[in-house]
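These notes open a run of structures that come right after.
In the two complexes that follow, subunit A is the common piece, with subunit B as its partner first and subunit C second.
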Partner chain A sequence: MTRRGLVIALALAGCAARSPAPGAWIATAAEASRAADEALASGQIDLARERLRRLVESPSSRLVAANDRRVILQDAYFRLAEVELGAHAPARAQAWAESGLALGVQRDLFTANLYIARGGARAALDDARGAAEDYRAALDINEALLADATEVP
Partner chain B sequence: MSEDEPTDKERAEAEALAHALDNEKGAAESAPADALETAALLRHAELSDLAARRVFERLAPALERRRRVVMVRLLAGTAVLVALAVPIVVLTSAPRSVVTHAPRAGALSATALPRPSAQLLTAQARAASDPRKLQNEMRSYRDAVYDALAARYQ
Partner chain C sequence: MRLLCLSICCLLLAACASAPHPPTSRRHQAAERESAARLEELIAAEKELSQQQLGAVPSCERVCPFVENIRRLSNMICELAQRHSDDEILAANCRDAELRATRARKRAPSSCSCAR
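Now for the complex of A and B:
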């Protein structure tokens, strides 16, 4: 085995060892989400922001399916954007929404939520055209999901 | 003495050549140099196989040592790879407790999440004008999503 091969193998083993266990990461994300709910209910916006920010910035488990990771993280980014919109900070809201969309655009509820949040941020920033585009994208997904939800099996 | 009959000197050289071909002891001492060279040349073709065998025999211990070194290195490399692979396989095979839903290493499929209700989707469609309704609907849907994920990755 060459020295280079050994280094690569050790790096792979190290990455797998550092990744949180999937169940633990899911539980941590659920706990952070609930804590953010409680903080928002009691008006502690800073605390809610902190819990959600920690969730998106901490290492996620590589042993969770990529789409499952995306769903959890996009929902947290959506909530962060909502928090910033509520705090009248549309630029920060737009940044969070774009971070969420950067994880991947899918035809699902979570992507549509991020379009809505970014649309709200753009509207607050007087970007009417950008806001309209985002709302349009959200509605396209929403209509497709609504058709799925109401279809007769 | 006729011209066809060998001289005494020629007889002596012939005998020396015969002794040299027979590789007799003492031949080298009495035989003239040209007789020894001739004998060596005559023997060369027959002895090539033998010479090769002798060369191989002389090199065999060194070749065996080299083979052992290569084998030891191969075994050591294999041991290192196995030692590295075991934790990777163990970690990437988790979770093991959920047999029916456990994702396979390298082929993690997305969890089947609950479908959003028509009520939630309606709230989403109106979120631009009424964000609070969407937030309320999302809370219960989020719980259902986390329940599904927890069931799979427990």
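Now for the complex of A and C:
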């Protein structure tokens, strides 16, 4: 749904450029993200899951800006949820998505992606109304972002 | 006497005809300078307005991903409603989502493919 790879690469590059002190955690996160991409591309679902799990469980530097940390981790949680949805494990997908949302709900695509992932999990768990609620939350965010994008300066 | 008057008039007329009219020329040059200045002002204003208008039109690259996301989310909501056709709440969600997708498409500049 989003150009996730590009967004996370830019976010990571932005973080790394802005704050050299917490660079080690950010570099580790970037490496884990890249390794998960490779594992997914080669069909190694377990390896991808492991890489992403290690990323979300790794202690981040206190010096990492809170919002940078949130978007990096929310992207990882979203991808974990996607991995579980692909593996027909919607309950685990829902749990990962909720962990991501627990980091903070913001009006951005990272949050929207988590709503979509949780909606997919809820739909797979026969909670159609819950799924619709999540899709509507994601739609709200996209609508607000569209309004920003079309705003006349 | 008459000849003297005639001579004076001729001299005066000749003097008037050959005079360079400096005040009139200066007025003309000043008017030209003023016109040029006004033209420059107009060109600058038009340029500024064009730049503002260019900036005011959002790019398709910026807008279309959101329009597309909204369209896809609307479809996802309506698929749920179709699967549970007896659920009025889901049906209402679908109608609302479709309206919002249409509205999103209309917000995109008409030159964008996502606006069609």
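Note that the second predicted complex is superposed on the first by the 128 of 153 C-alpha atoms of A that agree within 3 Å, B and C clash if a C-alpha of one lies under 4 Å from a C-alpha of the other, contacts with A are read in each partner's own complex, and residues count from 1 in each chain.
We adopt the following convention: a contact is a pair of C-beta atoms (placed from the backbone, for glycine too) under 8 Å apart; a residue touches a chain by one contact, two chains touch by 3 or more.
In this text, all values refer to a predicted model and were calculated from it rather than measured experimentally.
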Contacts of A:Ile45 with subunit B and subunit C, given as first, second, both or neither: neither
Greater subunit A contact set [subunit C / subunit B]: B
Partner chain(s) touched by A:Ala66 [first = subunit B, second = subunit C, both, neither]: first
First (subunit B), second (subunit C), both or neither touched by A:Asp37: first
First (subunit B), second (subunit C), both or neither touched by A:Ala89: neither
Touching partner for A:Leu145 - first (subunit B), second (subunit C), both, neither: both
Which of subunit B and subunit C A:Ala128 touches, first, second, both or neither: second
Contacts of A:Arg136 with subunit B and subunit C, given as first, second, both or neither: second
Subunit B and subunit C contact sites that coincide on subunit A, given as residue numbers: 1, 112, 116, 119, 123, 135, 138-139, 142, 145-146, 149-150
Residue ranges of subunit A in contact with subunit C within the complex: 1-3, 112, 116, 119, 123, 128-129, 131-132, 135-136, 138-139, 142-143, 145-147, 149-153
Residue ranges of subunit B touching subunit A (in the complex, touch as defined): 77, 80-81, 84, 87-88, 91-92, 94-95, 103, 108-111, 113, 115-118, 120-122, 124-125, 127-128, 131, 134-135, 138-139, 141-142, 145-146, 149-150, 152-154
Touch list for subunit C against partner subunit A, complex: 55-56, 58, 62-63, 65-67, 69-70, 72-74, 76-77, 80-81, 83-84, 87, 89-90, 93, 97, 100, 104, 107-108
Parts of subunit A lying in touch with subunit B, wherever the complex brings them together: 1, 6, 9-10, 12-13, 16-17, 19, 21-23, 25-27, 29-30, 33, 37, 63-68, 71-72, 75, 82, 85, 109, 112-113, 116, 119-120, 123, 135, 138-139, 142, 145-146, 148-150
